[in-house]
Structure formats: structure tokens, C-alpha cells
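Next come the structures, one after another.
The two complexes that follow have chain A in common; it is paired with chain B in the first and with chain C in the second.
Up next is the complex of A and B:
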């Protein structure tokens, strides 16, 4: 659309987003703490409050995992220990979170400008002219209320978001090594991004610079995986040096794998495992994790021609089915969806999806209030609304998948463009 | 969604005239679909099935089921209490004494119909005037024979000694086949141990002992009174907690000399009981305590609701040990024992398995309850404590205590055995229940201690072993991870698996079947084509 983006407009967007966040932080001082306590934003594995607890223990030379409150990666601790105390000088923490958001937006901008979504190495959409510029996509991300709320709530998932977006940005700009390092960081912080490695490797493979390209995909994948293993090993080693023991492994990844903290969140796991018979608990943990990971193979094979679409869809699926989802995962998915502007006309349920997501966003907090504070509802109220919320997200994932496949199919069968089709 | 055939096909809802068949699928698409389905199946087969196998397999430790059942059926151990009775006859010749002993043993054997409880006489070497202590030679009772005016028998109140006097001409001649003195001694012994025998035979009969060990001759009346006494007494515990409470209906009295009173009247008894039980004690005073019944005259039916359980601070048990409550209530209530007299007869009553209430009438301005005032309540509490502990009522104190030891050992032994049996039957009845190794551990410990207890039944060691065995058996039976599965039949597994795995399995299986059918069709077509080509 608008091809020339001046330096002034870029700066304006970033400054606008930063000022909006800073204004909320400083002018409404009650809001950050309120949002920090919301279950929709802060999960046990991303909560800023729990980070403060871990930080306090760390600063007093006690293992941060004592007491079973802190479940986040150990490398957060030295980073936040460098900043002045968050309660007396909160401004530095605010600035850090704002900077992370802007970095994510920058990466997203790069992804959008590469045009990878509409024309990948193996596939070019006939509708590729219809797209938004990086400016618009970055603006949609930065001013998305979910993103803003996550930033204000200071959930540490923003770091994961930033790492994932940077991994994709590095991949589309032909820097496989950088992409693998970034995805290792993301996986180190929240475990589930490791599942993004297969499509990301394919994306890197497709976007290799022609100069020193590896011909076969298998050695390339092996190299990439060993880079990931190396970086993760290095990060684990650093964590071991910082905390002095391997205790962080069960306390961070163990909690995600075994769901030992059943604090309610917007996901589907907590209610299920509250109700589960103890003797079947470990079996269903296995089932849920396998369910989460089984989409990777199928989607990667099916949409081999558009690895970025696979990454987008997987992020949507993870936002629904991962053990501790929050609106931060949805905001990441919603940041990548506008890249597929060209297939929006092929989507069938946009209105329903928008309505369901809005409905759930407004009713979710209300139902949580009814359950926890007013006492006039019970856990089923909140669980029902999270079901609706996830229904909306899964509709969006399915519809986007449908649109992407239809787009591919119309290249194959040009005579069918615009005709009604039926899936069998 | 992604397991379904992802290639959309043109719809056929156009009018039939314009109907057009879709072009055949490209081989690359077919292969890709195969890969997609394969990727899901690989995850199911390579990860899902091992996880299912690993997480739902049941660990069942090996239990010696047959031995456990033998214990509970009484086949492993015949509870036999061989009681040795010493006869001390300083004034008799050795020959005469031997003869008397033989005759008495005959008479005893004739009288006894219960093999489990066997009295065996032995002659103790004549010593001086020093009384022989029962514990020194392991005998339960010593009979001290001394010549006297007439045939009399008295139990020594402080030692387990039965003093029997006999006229000198009653000594049986060496050739006599029966003797009045021998019969007399035998019947005395029998009546001394009658209660113990009855209690033990009652215990055995209420348990699932095989009938040949069961004594006959337990009359219904005595069985009923024994049942009453058993229900009154508390379950055996190594430690009991005694709570002494002073409840007053008004502001006074507000203090009592309970410590001195316990020291003086209760402590000796507790010391005597210490080989069998430990006791911990606390006391409390509560003013303005309203009883559950406000009438001045308490009839029999009021007594059960007198305790104001809602308001009085009587905690059911402190620190795991069962609590026995002794309550002194200062008020103006009196107990009416029979409706006609309307005058207060007794002042206290015993609440089975719970404790005792004593109504103490005091002038209304008494501020302090002295030791002397507490004497009668304390003595009442002491005698009620014996009932609550299940001590037999007849006989001298040392005999009653040694009887208590034996009764409790038998009781614990039987209870541990029956718990073992229940555990074995549970393991047999529920093949899908998991048995952690801690249970097997507990079972083997139980059986080890049961064996030792069975061999040393009747002594202090027997009680200690029976105690350990019972505790271990209870722990093994009430293992936490097993209790949860007790009510989990196999059919429930369908309800657990189906709601989630059913919907997941349908597309997986349908996809695999469709793919397989298509593959077979393709192969047949190829074969036909090949055949046609050959024909041509």
C-alpha cells in the first residue's frame, strides 16, 4: 500500500507506543499491579510477582526455587538484579518492558517487509499485492490491547515473544544461525518454542543466501539442531553457574511438564487436571503434551511450501493448548495473522471469530470476578468462558488454515477461483 | 482438521447438467497426505503407546497371600496361653507334694474344656519365709500351701499369690486316685482364672478362628456381659491421654488442687499400668460451663446428653493418642437412679470409650477445691480407668493386670491377623489395585512380629510384638495410594479414556483406513493395467 515509510513515521510509531505504555505506567499507578495479578495475563510460569519473589531470594543468597513459587528461567534473575529495585524505582523495569515490546515490533516489521507470507521460496500467492506494510503490522501489534496489557502486567512472556519474533525475522532474512540462537533462547525461557524448530529450520533452509547454500535439507537440519543444542547447553551451564545446582530444571520445565501448579488460567489444562483421578494424571499429562506436539509434523508436511504459515498456525495452536497460556500468546498469534492479509477474503468466519473473541474478552474477567470475589459463581463459570475464548481462537486457526490451503489450491486450479467449495 | 483430506474438492451442488468431475489427484498430493497421516500415527505409536504403557501399568508387590489368609483363619498360630502355677508347700514332704500336684493337675485337666488356656502346675523349691515373686520364675500365680484349721483360700492383695490352708489330715495318700484337697485347689484355680478364660474365649469366638480352637461352654449371658465390657473399653493404644477437667456452673470454684490429687490417688495406679500403657495428662478449668441437660434431677436418659460437646473444650484426641476424659462438674444437679426414690444415689457415671463424669456438690461460695474433696472423684476415676482399659473385674490387682496383658496381647494378635486377612482378600478381589512395595514391607514386618508374638504369648514380649504387628498391619492396610483405588472398578476406565481419546481416535483411525483402502485400490488398478498391457 504505502511503499515509502519515512524515518519520521517509524519514530512516530515507536514513540507513540512507548508514550502510551509509559503514560499508563505513570499516570495510572494502580493499573500495573492490578494487571500483574490477573490470571489472564500472569500465569505461574510468567508472573512478575513470582519473579519478584525469586529475585528477593536470589538477592539474599537463597535458592530462588525454595518455597516453590518461582518457576521461571534462572537467567532472568541476574538481568533483573542489575535493575534497581522494582518497587522503589519501577521506571527502569517499565523501560525494559517497553524496550522489549519495541524490539518485538521491529522484528515483526522486518518479517512483514520481507513479504515472506505471500511469496515464499516455493510458492507465490496470486494475491500477493494485497498486503499491509510493516508499519501497519507493527502498529497493529503495538496497539493491540492484549499486547499493551501484557506489557503493563510485566509478564515475562514478552521476552519469549520477542525471541520468537526475532528467530522468525532472522530466518526470513537468511540468517539461520541467528534464528537458531533466538529460538533456543525462546525455548530456554518457556520450553514450548522448541516445537517450532522443525518449521523454522525449513524456513531457514528455503531462505538461505544463494552464495553458500547447503543443497540437502538433512545436513542443514542436523546443523541447525546441533546449534540449538549447543546454545541450550550453554544457557543451562550458565543457569547452573548462577543457581549452583540443577534444581532449576524440575522447577521450571518440570512444572510445565507436570502441571504441578493448578492456578486457573485461560487455558484448558487446569480444570481438567483438577478433576483428574490421581492414577491417570501422568497418563493424561502425556496425552496433552502429545496432543500439543502432534500438530507440528502434520502441518509442517502439509504446508511445506509456506513454513511461515506453519509457524503462525502453530503459535495459534500453542496459544490454545499449551499448559499455561495467557493473552500474551494470543497477542503473538494476532501479531502474525495480519501478515496474511492477502488471504483474508478467503476466510469465512471473520465476523464470528471477532465476535467470539470480543465476547470472551469482556465476559472472562467478569466471570472470574463472580467466581473468586463475589462468590455467586463457581469454577465452571470461568472454565466455560475460557472454553469460549479458546473456541474463538481455534476458529481463527482453522479459518486461517483453510484460507491458506485454498490460496494454494487456487494456484493449482485457476478455473475454480471464486467458486464455492466443500471440504470432504 | 489437519488429519482430514486437506485438498478441497469442488462441490457438486451445481445443477447436474454442468456437473464436472474433479481432475484426478496428483501423485505428489497423495504421497503428501500419506506422510501427514503417517506423522500422526508415528507420534501415537512411538510416543503415545509407551507413555500409556508406562503410566498406567500397575505395580503389584508380591504378597504372601496364602500365609496372610492362614493367619486370619487362625491356621498359622494357635493362641495358647500356657500359664505356669507354682505350688509352694514348705510343710509337705517332697513325695507328698508331688503326689498332690499330680492329682491337682488331673483334676484341672478334667475341669478344663478350653485347650487355648492351659494351667500347668509345677513345684517350686521350698524356700524360707521369703515370698516367691511371681515374675522371678515366670509363673503367673503361686499357691502357698500351709496347714491350718480348715480348707480356705485367699488371694494376696499385693502379690500374685493364692494362700490355701488345709487341715493336715487332708493330705492325700500316695495311692489315692483322688483327693478332696486336690479338687478344691483345682476349683479355686479355675474360678480365679474363670474371667480371663471367658474373656479370651470370647475374643477368639468373635474372630474368625476355626471351630476346633473355639471353646464351648460360653453361656449366652456371660457372652453378653463380656460383649458389654468389651464395647465399654477403649481400643488398645500404647499411649492414652488423660484429660482432667473441672467444669463449674457458676463463677466458683475457680481453682483446684488437681496436681496433688493426681499425684496422691492416681499416680500409683498409673505406675502399675506403665508396663502396658503410657499416659500423658493435662488438666483444665472452665467456668460458667452449661451442661447439655439443665434439670436439677438427672434421670438415666439425661446422662447421655449431659456432656455439652458443642461448647465444652474437650478435644477428641491430642497428639494422636486417644483421650480419656475425666470431668468433675461442680453444680447442683443430682442423679436419680430409680424413679421411686428421687434421691441422689450415685454421683458419677461412665461413658463407654470416652471417660467419666463426676458430679461434685459444693457450697456455692467455695473458691478452691482441695485435695481431700478430690479424693472421692479420683478414686472413682481410677476404678473407671480400669474398666475403660478393659481390665477384668475379679481377682487381686496383680492378677488383674497380668490378665490384662494377656487379654490385650490376644486382642492385638487377633486384630493384626484379621487385618492381614482383609488385605489379602482385598488384593485377591481387586486384581487392578496397585500394591506399593511399602505394603509388602509392612506385611512382612507384621508377620515377623506376629510369629514372635505367637511364640511368646502371655508374656511382656508377646504384648510388645503384638503391638508392633498391629501397628504395621494397620499401616499396610490403610496405605494412602491404595485407599483411593478401592472404589475404582475397571468399567470406570471407559469413562476416563473415552471422552477425550474417542474423538481423537476417530479421525486417526478413519484416516488410516481410508488411506489403506485407497492404496489397495491403486495397487489393483495398477495390476489390472499391467495385465491389460500384457494381453496387448
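Up next is the complex of A and C:
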């Protein structure tokens, strides 16, 4: 695969992806609403149906946050209020979602073409010649069934995905301010991207343009964090102006922090907190959030030389352990994994991982059907398959971490390439 | 001396009794009771018991309660209640065959218990506090689970209810209407006993002596109502009126079953009432005759008891028992009872001696009667028919569909449809649509106004009020979608898979002549309650789930940090680990031991412990 990509191929890829989505939207009109209702795609904090309900209440001057249905960011309301009604003119909504997917693919393309994954400022992989071009990586993202299903299901997590990818793309192209603004948007939309700020700051620091580089990392980090705080403060102010009160804060972020809505999803939290004893609920909520955030420091310090790898691994972890994960988070992680093609030979369990993920993807909907509709299974069926799904994903994350670290190690021990190793 | 004293006492008592009877004309007018019996089609009988007593507000405030039940009065005073309506209902009113509801539906509730009251309070919090006091006190008084009416089951209706009484002293700001409903409550004998205790004659005399839990709760439909409202006549003193009402629809065939042999058995062939006009009627072929033909009963048969005279406190001007059958039918009553046929030709009332038992027999009609006129009074058609049901399948989401039919051929009907739904039914208001049968798509003229207050998880139920207008002779489908949420396992009742009861929708048909008559509602009706099944977790395995999930998390956490903190070395570098290490150690120990005891030359001497060769990664 050569790096040369003509304009025609680029356009062909984007048009192909857009036509595929548009064809599903228009030729199979039952599919969008079917996918919108799937628990694997729509969580309480990203569901398009809940967005429509919030929009309906917002348009009729009822506060959408004074209720248990709408838990999404307030800025979605004026954005979707500008579009014509989604039930009578759905085409505008479809075009918006397709455009967001293409924008994400564009950002991913930029990240891939920068080569940051294989050769960062502090580290250059000995295998860096082995990589896929941006075209292939964008194509893998755009034609990933998980990405397509998320787009057709009109989950609002695509906006978060787009913001995160743009934040990374800005960072690798040496635009720290843009990166911080983009990550602030992502965090404002779904809270967990705030945990990506430390590695992203390091990535920005490493990729500063040589002309006006800040020497020390501490002032740089302080400036970046204050930019994030400023942008988030501005977004909250806008939200306050739109909704007229601060009650959106407990209803959007409070729900993610306390998991008051226990609708099933592909994650580990929902069944755990259904079955949790009331006296231990707050304790375990704290433990789960602490667990989610403990990887940030560890990975950032351990893989200091490759901040993009930290971001990729963290996105994988968030796709497993965040309160309301969906296949959209997996699709974001799987979009970044191909950037590490150079370490694929170092991964040990590729076949097992692929088999487990495929197994869970096919059995998950079946087991959910058995529980909810057929009544021949119970909640444990779906719970068991989410366990398998998450174990498969965590195996992938661990294996990628192993491969990245071994790749780093082999720079110091070039003679160990292809040899058997162990860890002490 | 003693004889004289006792004589004096007796004469004093008799004087007092005489004087109260003779001198205070208000005391008898303050209380009256009446039973109205109305045969309905399909061998049903509607019995409406009504007990009403008045007390002037000044006496009420002076704690001089007289005929007003003291227990209830003190609760009302304590909770600052200005008007109270309490309903205990079960069963379903079959309006297709029984027609319009008694009292125009004003004295009935949905299945279970309903309570609404106007409380005097300065703020919402104060009103909530008083409401809590009221529900807890009433819970004890009526032996019902009214104390379970918490924030999630309480709503503040905006359009559906208006006070029935006169409240000259209250303003909008300091009056709070609260409405609570318990659809799951099973109404039974333990609610009837305290109800009867509120009556001046306590069920010992008068029409209340007919009330028996076995018959009342065996009926096809029953509703017990308590209404307290202030009434201010023009120019007179305000009175507080309490009205206790029991309506029941008895299945005559079932009521007539003897109590010692209650198992229904098919009647022998010669006793079957057959429709002889059918061409295929013969000695072995029978088309069942219309049930109303067999409407013959005695009062003691259907109620299982005799009526014991009249309550001495009742107003003698109001006849205690009335029967609504055409005047052409003959009715037999016990001695000394005066039958008065009313001018409307379809009802008659009976004046009863206070001390004698009353019995009434409605005989099966003679051949002449059958040909002459209809045997029972044809029921009036209601203003609106309403049916509500769930749509969809599965335990994830569903829909609610209400079919509303206006039977009138020339007048449109305007009403308010109110639902108070539990919070775990997350309704999607944007999917609500009203469609007139035979047309496509939404009809914007049907829904006039919507008031919606979304539910908050674990804190507040959803409240939906829709003002609708249905054109003559048309049927409207009101539909909306909802999602069933999954609860914490401690929030499920013990019978979780039975489902959760959803309260009846309250439909209030607006009175077009409200300015003239002063009545807000022309007719009320309730739909049936619904049973909503939610997805359930496995209740047996909280420990297993905690362990499995924790294991999955530990695997990921352990795997990640294991890779992160440990150093890479080649397979043959670094210290021996595991079994190899153990073997080496054991060998060297044994070698040392052998050496110490000087048992030959141990080979273990040559074993050399591998020096750790740290492979530096950073």
C-alpha cells in the first residue's frame, strides 16, 4: 500500500461511505428506528429517541432536565431545533450524522498521515515502515459495521467521537489550542473525555512547533488546562443561557456519576448496580470511577514517549469501563488500533480476541432477545455476554499495551527481535 | 329515695329525647340515607347507598361534631383539609351493557384507592407535609395502605379537578390540590368496617344493615366513596357536608347462590330459561333467553340479610329505599310499608316503619307484563366510552392506546384526560398522537391543550393532562410510546413478575352549562387500570454478580498493571521463577544438609543459583 492517494480515491472513499449510509437510511426506512432502540447502540446518555423527547419538551417550553428521560448536553437542543423536524424531514438529520462521520474520518486520516503512532517526538519504532496509509485507516473506520450501526442509530456519541478525533488531529499537527478546545467539547458532551486531557497535553507539548515552543512542561500544562477550563466554563454559560437554570448539571453529569438510570447496555456497571446492596452503592460508585481514572496516570507515566498510544489505550479502557458504554466507544477504539499496525506482529492473542469479539457481537443481540422478548432466558444471559464482550476487549487492550511496550524495549535490545521473552 | 331518683332520671331522659326530636328541626334534616336499587341488563343489579350528614362550620370548629364522625373530623382539622375525596373501588363498570354510571361518575374511583384533597397551606412544602399527615392518618382510619402514597404517587392536577364545595375564604395561592392513587391496593372487608363506623347508626339499623363484606366484595363492580365539602347556601351559615356512598353492581345469579352451597352448577335442563321464539327451539335445543327476563329476587336473597328498620336519626322526609323498575311491574313488600310510585313512571320509593324488618320481593314478571312493556328501565347511554390498553410486546418498551368513542350523533364532547403514571414508565410525549378513526395521520383539532410534567427517577411520577374534543359519532385513538426501565433489585415487590399496576386514567367531561349550573364536570369516568411488566434481574444472585463483575475488572486491572510495572527480559535471563526456582532451592538446601551431616558428597554443591541479570528498559 503506497502512501500516494489521489484526490479521486479520497473522494471515492467519502462518497462511498456516504452513499452506503444514505442507502441504508432511505432504502430500509425501518432500520434507523430499529437500531435507535437497540441497547448496544443507544444508551440513556446518547439515545436519539431521548434526544427527540428532550427537543420536544424544549420546543414546548418544558424544561427537559426536569424529568427522567433526557440526560444529554443542553447544546444539542438548539442544534437540533435548527434542523427541520426529524420525523417529518428525516433527511436533514441523516445528512448531519453522515457529515459528522466523514469529519471524524478526515481527522483520523490526518492522524494516520502524521505517522505519530510509529515515530513520536521522543521515540521512533524500528518497525515504522510497516504502516497503513490514512486512506486505509479512514476506510477501516468508515466501513466498520459498529461505526455504520452507530451512525444509522443516530446515537449522539458520534459527536463526542468526532470531537476526540479532532482533538488528537489538532494535537499531532501542532495546534495545542485547537486540541484543547476540541477536547473541551468532547468532555462537555459526555464527561469522560476530560480524563484524556493529561496524555493529550503531553502530546501537544511534544508536537509543539519549533518556533514558539514552551520549554518547560509545567507552564504548558497549566496553560492547556486553563484553556480547557475557560472553554468548558463558556459552554456551561451558554447552556445556562439556553436552559435558564443549572439543573442540567445533575441531569447530565450527575446521571453518569451516580448511574441512576440502570437501562441495560454493553458495559459492566448496570447489572452490578441493579444487584448492589443499597448501603454499598455509593462506595462502589466511587470505586468504579476511581478504577476508571486510575489508568490515566499509570499509562501516561509508563508510556511517556508515545502519548498517542496512551490515548488509544485509554479510549479502549473507557469503552469497557465507563458507566454507559456502547459499541460506538468500541468503534472509536477500533478506529485507532490500525494506527499500530507496526506492532501487530508482537501481539499474542489476535485470534482469540477476534473470535471473542465476533462471538459476543453475534450472541449479544440473541441473548438480549431471549431475555426481554422471548422470556426463555433471564437477565443473566445478557449479563454473561457483556462479561465476555468486555473480557475480549480488555484482552485486546492488554495485548496492545504489551506490544507497544515490547516495541519500545526492542529499541534497547535489538538482538531480542523475534526471541522469546518474559516479564519479571 | 332511690325509686324517686330513678323515676326522675327516667323522666329526664325521656324529656330530653322528646325535646331533641321535637324542638330541633335541624337535627333530623342534618342526616339522611337512601338506597336506590336499579336492575340492569344481563341479570345485574345496581345498589347505590347514600348517607349524607351536615354540620355547621361553627359547630365543627367548636368540636361539637354530633352526626359528623369525630375520628375523621379531627384528622381533617389536624391536616388543614378543606375538601376531601376518598375512593375505594374494584371491578369494572361495563358501560356497553350497563350504560351511564351512577351519580354521573362523580362518586367513583379507579381500581384501588384514590384520594384527592384541597389543603390549606402557604407553600408547596407545607402542603406536602400536611398531605403526608393526612395520608398517614387516613391509612390508620381506613385500614388501607394510604401511607404508601408518597411523592412518586402524588400529583397536582391542573385541569381535571375543581372543588365541589364553596370555599369563600380560600384563594388560589393558599389552596393546594393533591391527588394520590394506589392502583395495587386490594379493597376488602377491612376497609368496609371502618367505613360503616363513620355512620351514625353504624350498620346496625337502616339501609346500612344490608351491607355485608361477603356480598359487597363479591360484586362485579363496587365503589366506596367519602366526600367532605363545605357548602355555603346564599345567606345562610356555611355547613360542612360529609357524604358516604357505596355503589355496587351485584350479579343476581351469583348473589342468589345459597351460602352453604356456593359452587355454581349448571341448572337442570328443564330449568334453563329458553328463548321459545327461535325456530330451532325444541325439547333438546335451547337458545338462552335474555337474562333480564329472569330478574326476580328478594332483598334478603341478594344481600344475605334483612334490612332492620330505619336509622332513627334519618330525615323522615327522604324515603330510605327506592327501586327503579317500570311502574307496571308489581313488587311485594312486607307489612306496613307504604309504596309511592313516582311520576316519572320508572321508579317507586318505600316508606318503612322504623322498628320493623323490611323485605321486598321482585317477582318474575307475569306473561302480561312481558308483552306489555320492557321489564327494566333501559339504561341511559353514557356521554363517552373509553378503553385503554397496552400495545407492543416484550419488556423493553411499549405503547398505551386509549380508544375514546363519542356515541352522540349531534353533540361533540369536550373532556380532560388525565394519567398519573409511575416513574418507571418513561413516556415519550413526542410520540403522542390522536387519530380519528377512518382518517390518516394526526388530527390537530382533537387535542386542544396538553399539560405534562415528566417523571423524575425515584422521586416523582409523570403527570399528563390532555384537553380533547371529539366530534359527534366518531372514535379517537390516543396513543403514545413509553419505555420500561429496569429497577434496582430491592425496588421490586416480592411478586416482581406479576407486573406493576398502572393507575386508571381519569376522564372528566366538561360541563358546557357550567356558568348556569355551577358544576364543573358533566360526567366522570375512569378507564381500567393496567398491568405493566418490567424486565427483572435475577434476584437470587447479587453475590454472584458482584463476584463475576469484580473478577472481570480485576482481570483487566491486573493484566494492565502487570504488563506496565514489570520489566522485559529474555526467556533465559533473569532469576528463575516458579517450579524451577523451587527445585533449585530445594536441591541446595538438601546439599547443605547432607554436607552438614557429612553423608557423602552431595551433587547439589555444583548447583549454582542463577544471578539475576537485570535487563534495563528505561
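Points to keep in mind about this one:
FYI, the second predicted complex is superposed on the first by the 424 of 424 C-alpha atoms of A that agree within 3 Å, B and C clash if a C-alpha of one lies under 4 Å from a C-alpha of the other, contacts with A are read in each partner's own complex, and residues count from 1 in each chain.
Note that in this section a contact is a pair of C-beta atoms (placed from the backbone, for glycine too) under 8 Å apart; a residue touches a chain by one contact, two chains touch by 3 or more.
Since the structure is predicted, the reported quantities are computational estimates derived from the model, not experimental observations.
Superposition of the two complexes onto chain A shows a clash between chain B and chain C. Chain A is touched at more residues by one of its partners, and among chain B and chain C that partner is C. In the overlay built on the shared chain, the residue A:290 is in contact with chain B alone; chain C does not reach it. Of the two partner chains placed by the overlay, neither chain B nor chain C lies in contact with A:20. Applying the stated contact rule after C-alpha superposition, one finds that A:273 touches chain C and leaves chain B untouched. When the two complexes are overlaid on their common chain A, residue A:95 makes contact with neither chain B nor chain C. Of the two partner chains placed by the overlay, only chain C lies in contact with A:57; chain B stays clear of it.
Looking at the shared chain after the overlay, A:406 reaches both chain B and chain C. In the superposed model, A:387 lies in contact with chain C only, and not with chain B.
When the two structures are aligned on the shared chain, A:282 is found in touch with chain B, with no touch to chain C.
In the superposition on chain A, A:398 contacts both chain B and chain C. For chain B, the stretch among 314-322, 386-394, 404-412 or 458-466 that collides with chain C in the superposed model is 314-322. Overlaid on A, the two complexes show chain B and chain C touching the same residues of chain A, namely 277-278, 291, 294-295, 298-299, 302, 398, 401, 405-406, 409, 413, 416, 419-424.
Those residues of chain B whose C-beta lies close enough to touch chain A in the complex are 1-13, 23, 32, 35-36, 39-40, 42-44, 47-48, 51-52, 55-56, 434, 481, 484-485, 488, 496, 500-501, 504. Put simply, chain A touches chain B in their complex at residues 277-280, 282-284, 286-287, 290-291, 293-295, 297-299, 301-302, 304, 398, 401, 405-406, 409, 413, 416, 419-424. Across the complex, chain C is touched by residues 37, 39, 49, 52-53, 55-57, 60, 62, 66-69, 87, 260-264, 268, 270-278, 291, 294-295, 298-299, 302, 317, 320-321, 371-373, 378-380, 383, 387, 390-391, 394-395, 397-398, 401-402, 405-406, 408-409, 412-413, 416, 419-424 of chain A. Listed in rising order, the residues of chain C touching chain A in the complex are 393-397, 423, 426, 428-430, 450, 452-458, 462, 483, 485-490, 535-538, 541-542, 545-546, 548-549, 552-553, 555-557, 559-571, 574-575, 577, 615-617.
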